[in-house]
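We call the chains A, B, C, D, E and F, going by the order they appear; numbering starts again at 1 in every chain.
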């Protein structure tokens, strides 16, 4: 069981020796100025990542057979240089089964996955349209898909790039989509919510998360839109008498949910539910980006009257926290 | 009181002589092939507009002194050519006070203005922030502003181009904004709703609607964003001790509500409430455009499996009505 | 059997009465200036289309029950107005089975379809990769698909908008693709040619051509790229042990063949064969557009030193025929 | 009084101890490799800026209470590393009133501010239109505005980012605007010159320059265009009987002077004087950028046949100095 | 000698028979509704153009041998239809030498060409740089070039599309360029003025104006930038010891004067004089467009508070005449 | 004669002293931390480039008189720092005539230049059009042009940035152009091939390659398109009775071969051969970029299922090698 995390290390004394488990993200052979070989590693766990150096790769206490993607147990200490930290590794071996769990090694959602999954299933239960309901059930009760849906990140980096990120993103959207469906009677609630649940399902194939977050080659060549359409399409094919028009509308929603051709959707939204799906996806992503940025600013000790850094998800705009800025004044 | 409307005329026999009141939108002198002068008019009322011809402008039963913007009473009949209708005018005079009301002469919201106004005021009442509340009260209780806010269209043409259109648009946004504020605690509800109410208030100066819908010269040169900022700014100046930061945030929301520089906002949204205002404004406009287009298609007898015409407000996209398309199958 | 074609009519005397079969593209009820109803039709056959008028729709020699998409037999004559021609219809009934064939009613490729199909099959035979070959055979030997592939136009309008246009376009590309594959050994010839054959196969679902050329609703919502991927994907699923990587590459080629996101491809070409497919598709289309434009200019009697009209497929550029311009001088 | 400037330091021997006054732009606590804390500062005066290090922050000769924005007196020497210089600080205290003036601490215009101000006032005197003249007088005779107008930079960085930069920029424009007004009688000279004087006046609120050049939070949220309009608008409100149309035209010129929506102007220039203002502003900025770049190249010893570096204000274009390139040859 | 102009005809009685000379711009054979052939012509002179009809092309008083580009003498009268005028031709023959001059047949500058030419030559005389001066002399004293420079329009349509338009445009630029050169000492006055004189000289080859304004085929394929570079280049080649760097700079100015690649300049301005040339060319064109638009509005009787129509040369912007709008109030 | 190359040095022991010839690309005076001056050089030969340091520039065994562009002989050894190599120079003098050849000092085509030149000449021989043939002969038999054509790189960096790169590029295009001309009879083969040979000929003036690859000042100001047009134009002027239309078409092909205004072509392709030239140029460049990238990936040991780095010439896309990816599976 993991006791020491990357996030703790920056506070350690340089003299303190510790043992800990980490995931190996990169491993490179390098040479010192004096032409002495050493190993440079990038190690990670769910709290972040840090560089590490093995100055004596030939030391018998350092195993040779470990690779990118392995979890290792190491003994070492922290070295500081200017304002950066580095791990100096004295001993290293591969972790044995049961010593460490993947969940500890990669960043993960801060929410309870079971609770998120429960909310997703509650929405599924609430779907009145029997065809949409049996489609969702047919997909989400497949153990392989359910497991992947609970684990998958929503991206390699940037927004929701953590285990459970996909599920967290979808549940967050459902909250907004429910409200939007209430407001606009023109929207078919069941179709919209089904679209929300399935719009990014191709990401369980596009991304890999066993050894850090990355794209599969198939994911790069086909993309999660196509992979999601394929998954839904094949599931529908297995359902007797699924209405063909309903199939077309659902596939259209997945195809068009990025909202613009230049964002990789081969079709623009042409039905009200597809327009709404694009809107809730876009707006929720922006609100999450705002929230994350304010939390990051708070962690970094930014003053209430300072703007945040440039936010990638908002065209590199800087933001101001309304509440902090106003609050400063009223206190 | 008006009894015959433009929308009725296409069903009239050519032989039927009628009397009716209309607003003169254009008036031009022209010449027949045989070199005989005649007058060509565009006449309007709240149900639409139609061309009219006065073949004997010298006839003493046709007054000479009427202009663009006048309401006139005329006697005439309908003439048809191919699939178009025209009014043939036999007699014409200016309407006298009390004979006709402006409300009958221009297209108007289908909603009850008093009810819309009531909902706006109820929202205003619900604002907890005392500064925002006294600002809204200071503005909306000025009789001249209240009257204009109830009457103004939201545009010269396209979306909400009818009397009461501004109010209808704002009340529609409030419904969505309330829901969005519930969903995202990061949003300051009072600030968002105040922004919704005030974001387009400059339109009461930018547009004119006494004689058809048009822009004022000042409106063309300054725009409703600047005119709205100016109106709010001056009102705030009159309120003792209005918090300067709150003033800045409100003005920022008005300035940035178009969301992009190329749409005429000189600043991009940089606070959560400005981002939300831009989104609800954009999405509500799109949903209204979808709704209008489907209603228009229904009026024109489009089949359930036909796409609508190209919708300007949605990048000339065609749309499909989910409900009709699916419904056709289940019936 | 059809003996008189639209293209012949402009040379007819106005007094000449003729009998002929045409396809009804549109049918509208209209009104004369004197308020008399008449019918306006757009009639077509493979040589073009022309307006027609039925001035006495109540005449018992005019059947009432015919619709858009029907083939009709009519008796009438040509009327000229200024420089336009119109058909004046005296009698009209629906064509009976066997009286007329669809091939006569829509514009069709000028090439021999059997010969084009033979060349496509010869290419298929020449594929050495057994997996690609059995995929092509599995698809193209399905009678429904083979028939559609031989009949389908390549577009609703503009380039190759005629029966057999898809096949003609594909065979034309094969000629260039073969040469390009010879020139660049880096290209996998079999993969490239298979990609050429299959890249637009979704058009057999996206387009309809029974009653004039149009998009199906599914075609508008999903597009031929997705429909083609789906068709190929399902066929592969039915082939035992089809290599999954080959499947991914083929689907990638179909997805990316438009070459740019803004042209509706959700992925950019990332393998050499996908780059080559996009190039041959683009260049062949441009060369065909040039050829068509020069032929049209010749038909319209344009002088050798005149530029053509603006060519849509080449960004509304005007073109000059090298050979004619140089020839004029040397003769 | 300041005797030693940043620009002098690069020529100092490392052994030379000096005393000098600087403005603190940044102050950060850091750690050496050996985990020893030290302070890193960015110091500035009007000739530039340089890094400084305090290796013994606990030394009693180093005061603790100084912050970003303070002027300090220090004793130290220069340390060189590769081609960079650094100040090694031995003693440091805050400057006392009267010891140093802000003008010495920030880069400032090379022109005489009184002379520039005199030319601005001469132009103001030359305005024949009495309304425009009393507006300018009402604004520029307010001591707070006059002082700010004389001090403000024209930007945080890039063009005219120095004290007096705004005034220098405006006076430079006046020279070109006078000539343009002479050339085009369609232009109202008084309106154009008034627009030139006022177009950037909002920068006295948008920017702060007491402690280095930066944007105020209000400046970021509202922008100098809106802040300038507001300042002019309020001043006009205080002038009895100011012609409302003249007010509209002036505000339009300020709003539109960036010339394009994507440059942050909410309106495009629609009157001749607004077009001319945008032109002179843009062209003068480019000519100043060219001049600065050539001076910089000369300082850096670039040969006459070498192009300059990439110039940000000219789309990262490189430039060639005509006169030097030709001169080289004729000498 | 020409006595009756197109511009006069709209005021003629329909019964008035007149004789006049016109240039034939187009000539087409057409057919009446009754299938009777007639000729449709477009006739022009310097005041405008008008349609004409020859209802009896077989009449012996109508010659058969005339073509596009011929000047003809005709007898006829004016016919009116709705608000349009047409010439009804009774007799027609080709004009004989000496009967009419080309200057009467095409729109021409309103300025005195000799005076414009004099001002151009005065500028040439004022050039101090001997190489630039002898280049200008070598070009402008060639009779063929001088004649073409005095005659050529500056465009086929839009700005300065009249005989002498090129010269008028160049002389107008010289006025602004002189002032700009005075203002910015960094500019080499002689180089800038030479660039102004030569920048569009390729238009004397790109355009044809003998029979209406059009592009030559060579002009379409090569463009006036390339044709101007070629003309200047060849002239320089004939001048002994012309400094090669000066040649490069001049050619660079011609190449880059459109200021952007997408406007057809293959190079961006990289020397101060090229930047200035692009600016004066662009700004003078805009000021002329403004002036023309205001004159057109005045001719059309637009009210002082009305905006102009959309101006193509200013991105379809509408304009307001400052002076008229303000004047209305003060009178 | 050169025996030791840059590419060899990374494998050298640090203790190994060697003598070698290199080209000096840059030479800068710098200062150590201890304020000791040293020289930093960039040295190159045909296999690459490397930094070098002269720690004792005053040593009499180091000549002072050498500059950028000189070939030098040096004695020294390799020093390693982290993963980078550097040359430590002990002795240095300028190379004497005959000691080293330029071909060894710059990267050069891997093809045999005589063979490439032979293929170019064979194509020239195959041209049937006598005018095009004598033009090519007139150009390519000029010794100065032939030598430059054989030596010139095709670019300063990126694609074909090596000696002989222009010739290699042109010969590569000829292979594709021949095939394209066979496929499309509408193309004039002789004109297309002549265009291919001449399209980039201006690069022999635009680029310099005596002392590393760079642009000449004239090249920057005029560009290779203009310089090529000028060279061809002047050669044609020297040929009696060269058909003017053929001249225009050839110049048009050179002007338009970049295919888009924003890529620096002042004209778009308007004849079939110009369209084809742009296509073969663009496609061949992309295929070469793909090939180079795969070779680079192989050298860097990238796995078969890894994507390449981002490829600049393909919009920073990553690529996958079809053959390797599929091969991995079949082996």
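By definition in this document, a contact is a pair of C-beta atoms (placed from the backbone, for glycine too) under 8 Å apart; a residue touches a chain by one contact, two chains touch by 3 or more.
Please read all numbers here as calculations on a predicted model, not as lab measurements.
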Along touching chains only, what is the step distance from chain A to chain D?
1
Would you mind checking the shortest number of contact hops between chain A and chain F?
1
If you list every residue number at the chain C and chain F contact, are more than half found on both copies (same) or fewer than half (different)?
same
In terms of C-beta pairs in contact, which of A-C and D-F ranks higher?
A-C
Of the pairs D-E, A-B or A-F, which has an interface that repeats that of A-D (more than half of the contact pairs shared)?
A-F
Give the label of the chain whose average Cα location is farthest from that of chain D.
C
Chain centre separation (chain B, chain D; CA means) in Å
46
Going through chain A residue by residue, note those that touch at least 2 other chains and give them in order.
217, 220-221, 249, 270-271, 307, 318, 320, 325
Pairwise, the chains that touch are A-B, A-C, A-D, A-F, B-C, B-D, B-E, C-E, C-F, D-E, D-F, E-F
Under the touch definition given earlier, write down the residues of chain D that touch chain F in their complex.
14, 80-83, 305, 307, 318, 320, 325
Within the complex, which stretch of chain C touches chain A?
217-218, 220-223, 225-226, 229-230, 233-234, 237, 248-249, 251-252, 255, 261-267, 270-271
Contact residues on chain E for chain C in the complex?
30-33, 35, 217, 220-221
Listed in rising order, the residues of chain B that touch chain A in the complex are 175-176, 179-180, 182-184, 186, 188, 191, 243, 245-246, 249, 268-273, 275-276, 279, 283, 286-287, 290-291, 294, 307, 314-315, 317-323, 325-326, 329
